[in-house]
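Next come two complexes built around chain A: one with chain B, the other with chain C.
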Partner chain A sequence: MKTTQQRTIWQKTLLSTATSVALASAGVMGLATTAHAQDSFKVGFVTFLSGGASGPFGVPASQGAKLVVEAINEGTLPAPYDSVGVNGLQLEMVEVDEAGGPTKQVEEYRNLVQRQNVNAVIGYISSGDCLAVGPVAEEMQTFTIAFDCGTSRMFEELEDPKYVFRTGLDAVADNVGAARYLAETRPDAKRIAGIQQNYAWGQDSWQDFTLAMEQLMPEAEIVNNQTPQIFQGSYGTEISALQTRRPEIVHSSMWGGDMESFVAQANARGLLAQATALLTTGESGLHRFDGQAPNGTILGGRGPFGGFMPENDLSEWFSKAYEEKHGTPPSYPASKAAQAILALKYAADNSDADGVPSSEELAAALKGAKFESVSGTVNMGLAGGHQAVQPMLYGEYHFEDGQAELRNVKSYPGDCVSAPDGYNAQEWIKEGFPGSSCD
Partner chain B sequence: MMKADRTELSLIGVAIAVAIAAQFSPNWLVFTLTLAISTGLVVMGVVMLMRAGLVSFGQGLFYCLGGYAVGLGGRFLGITDALVLIGLGVVATVAIAMILGLLVTRYREIFFAMLSLAFSMILYGILVKSHGLGSTDGFGVVDWTLLWFDSKTGDSANMALMLAIALALLIALFLNRYFKSSIGLACEAIRENEVRVEYMGISRQQTLYINYVIAAAIGSVGGSMTALAAGHVDPTMAYWTISGEFVFIAILGGTGHVAAPFIAALIFTLVRTYAIELAPNAWQMILGIVLLLIILFLPKGIWSLFTRKKGAAS
Partner chain C sequence: MLTVWAILIDGFIYASWLFLVAAGLTVIYGVMRILNMAHGSLYALGAYAAASALGWYYADGGDQLWMAFAIIAVCAVAIGAVTGLAIERGLLRIMYGRDEILMLIITFAVLLILEDVMKLVWGTTPYFAYQPYAAMGRINIDVLTVSRYDLMVLVVSIVIGVGLWFWLERTRIGKILRSIIHDREVSKAMGVNVGRMFTITFMIGATLGAIAGGITAPIISVVPGIGIEVIVLAFAVVVTGGLGSITGAAIGAIIVGLARATSIHTMPELELFIIYAVMAAVLVFRPHGLFGQAVARKI
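After this line comes the complex of A and B, so read on.
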């Protein structure tokens, strides 16, 4: 109480002035942004800019997106995207940090659409954020592309979507693809183990992988699965536990720094001399392992992204431009972000709109479309034309003379790794992949 | 008594004013306001404990229980009525708080803080392990109804705000009286000198227990409102950083008045959302600096701005 009474008058004045100015400016900013001239197309880009997922995923994705947006505005992309802008409009990108959990992302999504008046939203790495934002996007009738999140529940929970699209594959495709790669390249493997981060992504991945293994390699035995905390960083106990079970294959859906630390520690402790690691998101470490992963380690890139990009004009341009600007070849999150921006350009250019295309026009143009991308031709063939179908690729890591490369790459077509419409993904696997064609 | 009536009248007046102003506000502000009021409710519970000298780093437990009650009640019991869902959350929360309260109200200071945090993290751990409930991804809340209103067809953001304002007003009116009641005053007395309170013939155990359970119930209402407004629940609601945020907002607002937590929650939310907009790569720094400045210059919380003026006038 004493401090309150002893406070001098100038302090009070300063304080109340500062508070009023702060509140008033907040109000003015709110009003200022509502008046917005429509000579450009404004897109909100939401990705992790802070926290554990920002380094391996969020920042590369943001860099990839920015690169493509700049090229679109200058008209320097290869065909068929060589026109300037989207539907002739300059593309303006507003970035938002994805950190903070689904409730906050719902709030920020509403702020993007209603306060910042964006015409479309692209983003979301976290599955929880996708699940939370999906229904809000439908409610607010705003064209939205999820570029990375991997939950197979997205379009199961979002019945009859109109405005929400996903241009990346789900985690089911990752793990069915992984099982198929093992069945093809390591048919004699008998002892399979796993290590997953203890949260939805890890649990879902392991479930899908083991279900698929039961179908594809029924002889193989699942000997162990470790579930360390996310961002744990030190995996000594788990590695020892895995070693005692003498696995031949260690499946892991760990990502980013966790995945890289695990590989480095497992390699040093000799686990990777006795077993081959199968890393479903390992591609993001392709240019970072620097030989810390043994040759032959199996890497996935969540589809034809990053080091798995096929050779075409767009991917060559993207790889070259990205490496020039950031000094390293693009990893899969960067390519996936680029793909989502290209999907937006495709939708806008084909919307037949006069001026700024509406969300309805964009959605109509992208629904069920086939568009060219850095990953080849993307077919929006699932979930009523809202979910991309693409091949899933796996390959082996090889490091020689300071150069990392992928060898023995196998590609499985979209129909081979993704459940057709009307199927729950897990049911589809359990029934033995009905309707899949893997040729 | 005169004074109390004035506070009540002004609370009702402010609530009506906010409800009317919301009709002319942009939609995003309506939603932000709903979240701020819901957060304010949970903070209210933290403030109640603070008045008794206890700092809870586990109020997220009740926030999460309220949220999951709404989510699970809608999904598995087929309940859509918002008030029934919120009531369900309160019943479940009170049941759990009555058990936990027996243990935690025996502890003080850091021991109370750590114990409350531990229970909240246990719930977090259980939910993360619950694969059927979506683990860390959580799950969506079904469309809800309120009397004649259906969130599927109507303006759900506005309706959620009206519901939040109504509930917050009722709770604020109740707490305003509660703080002045014998049990509310006993809480403050316990903070000052526990032994003396016992000598006066009041059971500190009983007082703290009742206070703890009421704080939990109010936290649950905040969680339920957040779930109804945001349409999604996930285990983060029970994570300790969320509980820490509640404590922070409580300190920001101060314990002087029932309106303080709501004002603090609104300022916190607005500063955060504008910081995110202005500096996507450094918003935490802006938020941190602003909050640090407020704490530095207003050690008794934002509410001290109002009380000081009153003191100067008289």
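After this line comes the complex of A and C, so read on.
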């Protein structure tokens, strides 16, 4: 009995001591967190770090983002971003893998906001992830920038967005731009075929492209479209099926390793000698084809990114710094990630906040803004000021003496390739691009 | 008529690749009753090893096609045999006798571990070793062209299929393996070193997976995740043909290959669906696959 009593007293003492220590620690940690939060701004960065999209897209995007974050913290960016930090705060980047699908990404988003206590989130290559995360970001009232995903449904499904922004163009711009480039450079092409990955991105891209072709090149006939599985890798049968239809142009929205594999196989099989490939995301292979794409292959970079970046202080700094660090010029995913980080710095620096800007202050600063970036001046002019309007560029691949370059580059203004507010993108194309200005 | 020829040529070429990918999986299951999910990783390891070695060879000024094939063969056999030995001796050996489902989960864990190991070793940047594929050229049939490299894959696949048949049906080790397949315990009682036979079988199955990856490397862009994509297809083929049957894997690959080629040439939007539709249709009428045998459960 005495032993039990002693044990009870001992347990109570231990419990109260542990509670005191825990409370004290929590207090200290709380103070530490507060102090930490005051001198840094925490941003979650979500990109593919594993799976098939990581190598060509996710990792270059991560590298581009880190490069800009480091330069922001050191204050070594060119003007107008030459001040140290964002609104004077050190920028801390928490990276999350985008692999796993939309359900997992919604969980990861909640983790970032509720457990990691990030002040903003930048990310998302997959359109499915953007569609899933957008409403959650609005619900959680957290400033969020989609840097790459291309679905035109993003702002169609988000009514009156307050916290979600996209600093790149959507897939409609890619494909209207592609059709305009064909109409301008190959107006006599009559037989058009396609090969797209069999999921939303590929299906939407082909739909937008064929609708635009009906308007811009009504004489051209769509002879075939192949829909291989994403990450299939081998396209022998699809190439045969395309060859039997004798196309003059082969449109493809395939990206990354799939796109590069298709080009290498189609070139070896002679398809690309019979037809010209039009690759809407082909810029990511510009410095990787190594001559495996024939000269004259049409490449897009989803806007003025990667090899299509205009010459300005920011793009020159970014290209030089990226190549020095990673041994290759930045591809378009790297540039787009860099642009999103610059948008965050612009919003924070212009938020007039004292200390860490709130999501509301960041959103108010970026909404409808025009900010300088590696791609030139970005106009957040669509979706009520939440979506960037930028030019769409296409050019032809040329490889000579071991060097790849873009030739015959043509630029189409944002108003020429993007549906104005209030329009469903497909209806806008079907009605003949009302309100578009291509001068 | 051109489309019919295209379907036949493409169907058999794709079937040969499917058989290469599935052969090792079905050999291991046939002898060891292990559904080796890590087979996809062995395929990916073979592809990475071959692609990086070919990259060095061509970057160093190499241009001999026979040398490229020698590099693919040596890399694939070496990495397949060594990894297979490590997995079997280091992990599976202590798990023998457990439930088939548990073994499946264990090999799935190995698949996930190896996926990350590959990322650590090779990173996430795609590897491109197209030179042998491009150098072999093509044969023209009207507007249709057939890659000589693809035809070589078909020949390699036939050689490996005949070789496996000969090994299992005409050699002493093959007879011993068949006795193990029939009754593991009686074979042991008759003096067969079952453990050693398992090691040999797993190494051969693993090497076949790596060879499939090595041969595929010049056709594709080698990226993280290719092993996981391939294992799903390989399962569809071996389940259609009958788990554990080499003949079944060959017939299953031909059926799936021809069905897929027909779909791509006539109804491309059904390409994904058709492979699994064929598998489902076969399983409705033959639940153990075309050449699979129902096994009585020992009590």
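Following the convention adopted for this analysis, the second predicted complex is superposed on the first by the 402 of 439 C-alpha atoms of A that agree within 3 Å, B and C clash if a C-alpha of one lies under 4 Å from a C-alpha of the other, contacts with A are read in each partner's own complex, and residues count from 1 in each chain.
The criterion applied here is as follows: contacts are C-beta pairs under 8 Å (C-beta built on N, C-alpha and C of every residue); 3 or more make two chains touch, one makes a residue touch a chain.
Just so it is clear, the model here is predicted, and its values are computed rather than measured.
Enquirer: So in the superposed three-chain picture, is A:Gln292 touching just chain B, just chain C, both, or none of them (first/second/both/neither)?
Expert: A:Gln292: touches chain C, not chain B.
Enquirer: So in the superposed three-chain picture, is A:Gln265 touching just chain B, just chain C, both, or none of them (first/second/both/neither)?
Expert: In the superposition, A:Gln265 contacts chain C only.
Enquirer: Contacts for A:Lys325 in the overlay, against chain B (first) and chain C (second): which applies, first, second, both or neither?
Expert: neither
Enquirer: Quick one: classify A:Lys190 as touching chain B (first), chain C (second), both or neither.
Expert: A:Lys190: touches no partner chain.
Enquirer: Does chain B (first) or chain C (second) touch A:Pro135, or do both, or does neither?
Expert: So A:Pro135 only meets chain B here.
Enquirer: Which partner chains sit in contact with A:Asn198 here, chain B, chain C, both or neither? Use first/second/both/neither.
Expert: both
Enquirer: Just to be sure I read the superposition right, which of the two partners does A:Ser50 touch: chain B = first, chain C = second, or both, or neither?
Expert: A:Ser50 contacts both chain B and chain C.
Enquirer: Quick one: classify A:Ala241 as touching chain B (first), chain C (second), both or neither.
Expert: A:Ala241: touches chain C, not chain B.
Enquirer: Classify the contacts of A:Gln232 with the two partner chains as first (chain B alone), second (chain C alone), both, or neither.
Expert: second
Enquirer: Where on chain A do chain B and chain C both make contact?
Expert: 49-50, 198
Enquirer: Which of the residues in chain A come into contact with chain B in the complex?
Expert: 3-4, 7, 11-12, 15-16, 18-19, 22, 26, 29-30, 34, 49-50, 95-97, 101-103, 106-108, 110-111, 113-116, 126-128, 131-132, 135-136, 139, 151, 153, 157, 198-201, 203-204, 207
Enquirer: Taking the complex as given, what residues does chain A use to touch chain C?
Expert: Against chain C, chain A makes touches at 49-52, 54-56, 58-59, 198, 224-229, 231-234, 236-238, 240-241, 243-244, 246, 256-258, 260-261, 264-265, 267-271, 274, 288, 290, 292.
Enquirer: State the interface residues of chain C toward chain A in the complex, per the touch definition above.
Expert: Contacts found on chain C: 2-3, 6, 9-11, 13-14, 17, 115, 119, 123-126, 128, 130, 133-134, 138, 140, 143-147, 149-150, 216, 219-226, 229, 260-261, 264-265, 268-269, 271-272.
Enquirer: Chain A touches which residues of chain B in the complex?
Expert: Contacts found on chain B: 26-29, 31-32, 35, 128-129, 131, 134-140, 156-157, 226, 230-232, 234, 236-237, 269-271, 273-274, 276-277, 280-281, 283-284, 290, 293, 297-300, 304-305, 308.
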